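Across the two complexes that follow, chain A remains constant while its partner is chain B and subsequently chain C.
This part shows the complex of A and B:
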């Protein structure tokens, strides 16, 4: 992510602060920043959400398309993820700069969300072996100030909650399917089990939740990603 | 560990406080300033069908026959004598490049700093090689603008005991137009912390040093842990600064202090919530109006 320069004395100040459970903005080690969620923001998607976590802003749009189910699981639908690190977030994402980060995020999201424990994939099936709903989840990073995983996971959960999938009028199981003409005739997804990611950064004996970019630049050690419902 | 989540708040329009003595001419891009052709056009204006129109959002300034628009949101345009807080970005031969939120990186020449030990001598080749020991990339300094190069870059100097490398503390980056020009920009606030209000919008908060050091300005940075009470004061001040900046209140020692006092009943981390920010800033503005007259 973006490189933030910190001086040696600032580093010491931040580390001592975390040790004393009082970070630079007055939060404790286990406090999140102010979060704002809004759903149904993009009109030409089937479900969307925008999450602002401090200075991190993430926009998620979900489109439902009809596709062929996977050969191994013919009675389930699936999700496809794409994360776009927009150059609006930081100049380093210009051109192909954000691709590496985007791929890493997409792969993690795929592992977390695209399994039957999170989303009821069977409800996405239209006719076994022939048709199923494929949910294309597009994540757009608008602003980047640390803690992307948490913001993205909350946004995806909100967007899935907001998603309206059309119900097929006739499910005879044949090659052709008909969707009902009524635009309000749709089913909503059950998002009770959709997880939210909580990222922890380990500093000495303390774990820090929701680190800003500046704190990340100071803290050494790999952050662990924990799953939390 | 509860995370506070909510729907986004509708941004309320910032009401202009109409003071009796100044009713400034604020314009937005596209506003016609005058139709009189007798004026010369300065920065921030253009001529559209013989009418002088503004191209930036800001205040109209008229000097005799010259009209220009000074933008409100702009990079720092330094003048001689301004106090700035900057971060070292590069170490070059005989000079450092300092980032000060201006259009070009400012320059700090080796001959413009006080050598450790306070000696006055000619800079030797050895000094050039040990530049990195004094100031490295990422270090923060407070300095004064000595002169402006022809291309607009600022030349800084730290030739006074009050300027130099900054130690432990918190940097807050704000817009330069919010900082009020005053006689001194270094304040020891009575609440228990010290503040440097750089003209370039960078504000430095740090714990008040116990005794005034007599050495060459700011060479030795103390890495002793800062006490918890000092930390709380500094964090509270930081959040107050962000609250004032969000509501476009002019920043100087009095306004910051009033904001601090108004925020005492809230917890430090709650200050950044929109409704608490609004309440605190309203109280501050009331106090400032009372103090004026």
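This part shows the complex of A and C:
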């Protein structure tokens, strides 16, 4: 993540504050920053959401396309994740700089959604073995001020809630599919069990939730990510 | 997907014949039956391990580990001057890890280009090894750890961590402690320690509550966990019990690793003869 230079005096100040459950912006150790969620922000997508968590901003767009189901699970659709750390967030992400972070985030998302209960994949099937819906979840990092995992997971949940998948009229199970003529004839996904990620940073005996970049620069250790449904 | 123009690859539409094989009727993995290789369920029954250090003469340190059919080797180069000058850290050394799968290692042929799964494993290896190394003793240098998986028969990340820390010790890099890895697979109410490939990837037809895998990287003398990776869905108590089981598995492995290291040191520098 982008580096922030913190002086020794600032480090001591932040650490002592955390020990007394008081962070630089007045929050307690277990408080989140102000979060704003907007859905349906991009009209070209089938579902989208924008989440602003303090100074971190994340935009997620979901497009549903028809594809062939995976050979091992012919009666399920699937999700594909891609995280793009754009150069808008910090100049370090220019060119291929953000690729490593993007790959790490995508891999974590694949792992987090790799279970039967998060998204009902069977509802994404059109005809077994032939066609299924593939949801391409594209995450764009607009601004980066720490706690990317949490913001991304909330944005994905909101975008999946907003996603409208067209219902196919024909269900003969053959190679041809027909989508219904009515553009408003869609199904929505059940996002009750879509996981939300909570990131904790360990400082001494305390755990800090939603660390900003400045606090991360102080803490040398890697944060722990917990998945909570 | 990046295309590789340097190698002649098979047709892109080639598929594994295993996909077309008819599965026999009773192949659903019994969750309560005995394991295929005779080990016990719900017990810390790790596969017997064969380790040897010092097999690659060119590398500073190297190790080879075999657990059941899982075979991996690791080479350590360093401490060397940092290749990229702009990333030279004045205060401490850098650790670079790279984990690759040979294309023939898994039942389905993989590609030589590093997929995202390889990068993921490399990152987890880095996370697990970094706390154990005394990097502050190697300023302005870099230490490279390369793990190559020759055969993937389950529990690859755990054995890679063990192999890498052995190779680091063989190379003489100063460490706080060895890092040992152990993994379990939770299947409903029972778990299997050190799963084989088939056990790892079998999805039981009953979509039970607890289905997932857990890999733990552990420092035995310091009693600290340096890496934890979990997959799937597990209840909180199951997860904590699983972590404790993995720690037990690591303790079982510890004496074997220590013996192998002692043997390697004795081979490299035989004790002075009595006379």
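One rule holds in what follows: the second predicted complex is superposed on the first by the 227 of 229 C-alpha atoms of A that agree within 3 Å, B and C clash if a C-alpha of one lies under 4 Å from a C-alpha of the other, contacts with A are read in each partner's own complex, and residues count from 1 in each chain.
The definition used in the following text is that contacts are C-beta pairs under 8 Å (C-beta built on N, C-alpha and C of every residue); 3 or more make two chains touch, one makes a residue touch a chain.
Model, not experiment: these values are computed from the prediction.
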Combined model on chain A where chain B meets chain C, clash or fit
fit
Should A:117 be classified as contacting the first partner (chain B), the second (chain C), both, or neither?
second
Once the structures are superposed on A, label A:104 by its partner contacts, choosing first (chain B), second (chain C), both or neither.
second
Applying the document's definition of touch, where does A:26 land relative to chain B and chain C: first, second, both, or neither?
first
So, A:13: does it touch chain B (first), chain C (second), both, or neither?
first
In the overlay, work out which of chain B or chain C sits against more residues of chain A.
B
Chain B versus chain C as contact partner of A:37, first or second or both or neither
first
Touching A:70 in the superposition: chain B (first), chain C (second), both, neither?
neither
Centred on chain A, what angle do chain B and chain C make, from Cα centres, as a multiple of 10°?
110
Overlay on A puts the nearest Cα atoms of chain B and chain C apart, in Å, by 12
Would you mind listing the overlap between the chain B footprint and the chain C footprint on chain A?
none
Can you name the residues of chain A that touch chain B in the complex?
5-10, 12-13, 16-17, 20, 22-28, 30-38, 50, 52, 154, 209
Of chain A, residues touching chain C in the complex:
71, 103-104, 106-107, 110-111, 114-117, 222
Any idea which chain C residues touch chain A in the complex?
15, 19, 116-117, 119-120, 123, 127, 207, 211-212, 231-233
Please name which positions on chain B make contact with chain A in the complex.
1, 3-9, 87, 89, 136-140, 166-171, 221, 223, 225-226, 228, 231-232, 235-236, 238-239, 267-269, 271-274
